[in-house]
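Naming follows writing order (A, B and C), and every chain is counted from residue 1.
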Amino acid sequence: MSHEWLKTRQTKYTAYVAVYIVVILAVLTAVNFLANRYDKSWDATANKEFSLADQTIKVVKGLNRDIHITYFDDTSRFPQARDLLDRYSALSPRLHVDYVDPVKKPQQAKSAGFRRDVNILVNSGLRTEEPRASAKKRSPERLSAR
Amino acid sequence: MKNVLLICRKELKSYFASPIAYAVLALFGLIFGFGFYTATRDFVRFSFQSQMMGGGQTMNVNEQIIRPLLGFASTVALFLIPMITMRLFAEEKRSGTIELLLTSPVSDNQIILGKWLGALLLYLCVLAMSMINIALLFAWGKPDLKPVLVAYLGLLLQGGCLLAIGTFISTTTRNQIVAGGVTFFVCLLLWLLSWFTAFDSTVPAQVVNYLSIVTHFENFGKGVLDSKDVVFYISFIFFALFATSRSMESLRWRA
Amino acid sequence: MIKVQGLTKRYARTVAVDNISFEVEKGQIVGFLGPNGAGKTTTMRVLTCFLPPTMGTANVAGFDVLENAMEVKKRIGYLPESPPLYPEMEVIEYLTFVGKLKGIPSADLARRISDVVGRCAIGDVRTRLIGKLSKGFRQRVGLAQAIIHNPPVLILDEPTSGLDPKQIIEIRELLKSLAGEHTIILSTHILSEVEHSCEHVIIIDRGKLVAIDSVSNLTNRLRGAEAVALEVEAADGRPNPTDVQQRLEQVAGVSRVVMKDSKNGRLTFEIESLQGRHIRAELARTVVNAGWSLSELRAVGLSLEDIFLQLTAAEQKDQVKEGDKK
């Protein structure tokens, strides 16, 4: 009988700890989820280099269609592209960005529509656009027009 | 709260009474100093070259020196933190002083928080050393201050996470060396994990990537204070310290 | 002040403490006596809330060690077997830390520190690093931290270990001076410790409670008293149990007779002798002469003797060691 008692107290404790951990994890996950939804950021750089123009933000946030942007480049240049492109995808759950290295993953690149010399593809389901690099900031405006 | 500060002070004094604090500071000072020297030297060299070639390239001290340097600092911290946290609980268990702590009218959570805070303050001293180097850049150039402060906040929070992990691991063993080794291994794993999943767009990879401490530093490094990153770091620290509390609780049942 | 009921502590396969119960009144000094590994330290660790009991309850100063651990911890001073010292701290620094840890208000702190420093005679090493102290001084600093906040209950695990005879006497005096306003429970494996410092003693061996008594009773019982189990056959109520008991009580050298059982046609008694008397032969003669059937006669209750032998053997070993050192 005393052996059962030991098991009971110890199993009770283990059960309590397990539940506690699960609950806390659930709460933290929820909090982080919300934090992602209602994200606020402050760009402390002098030139606001890492922020998008207000107009751009408005356009991207107001997207009513899913947009896929595929960026083709050498893997080593991904971080730089990310600096900008992640800003876009953070604004709207409808904007997805994929980074594909055509050298490392030719199959994936091809099926995403890669042709030689193409850098960025913007696919809105209705049409696919190839904005020129310097026109990156203007492309969302062109998107919205379609 | 009083108890937390009491234990924090004791821990800090202990650190500086032993070779650990000095070893960590010296090691970091050396490595970071070297990195700083290299980065600055390359920058100067590059700026001379571009001057001679007719100029035109925008040189940004923040972007080209400070940001990569602080990224470098965060990596170095990754490896120094095990040295800081390994003795937090392991030593108390070995020497028997844990019996004093656990039979005094202080709660487990106060003990954990106090110790973690002590470790964090030591880490702050380490960061302060790097600030001396960075301050030189401000003396000789005109870098943007605010992004630098944001980056340091990121370093502090990221350090807090790793210190919390180290604290947890320290409660699982009596042997300092084992605690340090395991912490190092875990930190390394976390670092590598972010590296491997950085550009993989599959869902599981993205999840793992999101959980990485290194990933969330990116914004801070750029000078962008993003609320979701702050929330992530604080959640991480909370969970690691929570785990430490459960571990201490189970200590009693195991002892 | 301390109330333990049915306390059991198990680890995986071993039972360190097995169903012990005892009570300690306010102001008493109680010795916790038993060989090494008997379960004394474990019991103390339960009383100080360091370990949770597997079964049973423990109450210290009116609070349960599981339900109200924080309240218990405020009211106890604990000296573990190995004093919990930080070698990198100075003595005063350490006592300050412990004082604050135990919740002494800052206004009283300095006074309390000088008080315990005086009482434990550690004034000479106030500013010395603990790591550099001799065993004797360390033990005394350990004692100082236990009493610094003037707790109503003191739990001391081998408080005189490592001390030389002069220091041991000093500590005993200190403990005596503390009794009355403090309730003290101290553990030891040395019999004479208990004789000198304590009024009551609890004996424990292999996790089980062996005896609780006042020191005087115990010394009487241990000094060569004998316990005997005696069985007499009875049928149809003959012989009459009361008759048998009376007859046995009249045997020379018997101090008391307790009837244990009277069924299945057997009358079982447990008989204790006076100090130094051997009664078995006489008991046998009495039974036979009365015409009763003696079915069993054996010595019993050797557990106390066993303990005593073990303890005195240990003490003799210690004394020999001390002798060698001189």
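Brief remarks on what is shown
The rule is short, and it goes like this: a contact is a pair of C-beta atoms (placed from the backbone, for glycine too) under 8 Å apart; a residue touches a chain by one contact, two chains touch by 3 or more.
What you see is a predicted model; the values in this text were computed from it and never measured.
When every chain is reduced to the mean of its CA atoms, the largest separation from chain B belongs to C.
Compare each chain's C-alpha centroid with the centroid of every protein C-alpha atom shown, and the nearest one belongs to B. Taking each chain's centre as the mean of its C-alpha atoms, chain A lies 68 Å from chain C. If you average the CA atoms of chain A and of chain B, the two centres end up 26 Å from each other. For the pair chain B and chain C, the distance between C-alpha centroids works out to 51 Å.
For chain B, the set of residues touching two or more other chains reads 253.
Only residues 45, 48-52, 70, 73-74, 76, 78, 80, 82-89, 97-98, 100-103, 145 of chain C touch chain B when the two sit together in their complex.
Partner chain C is touched in their complex by these residues of chain B: 2-3, 6, 10, 13-14, 17-18, 95-107, 252-253, 255. Across the complex, chain B meets chain A through its residues 62, 144, 146-147, 149-150, 198-199, 201, 219, 222-228, 231-232, 235, 238-239, 242-243, 246, 249-250, 253.
Across the complex, chain B is touched by residues 10, 13, 17, 20-21, 24-25, 28, 31-32, 35-36, 38-46, 49-51, 75, 78, 83, 98-99 of chain A.
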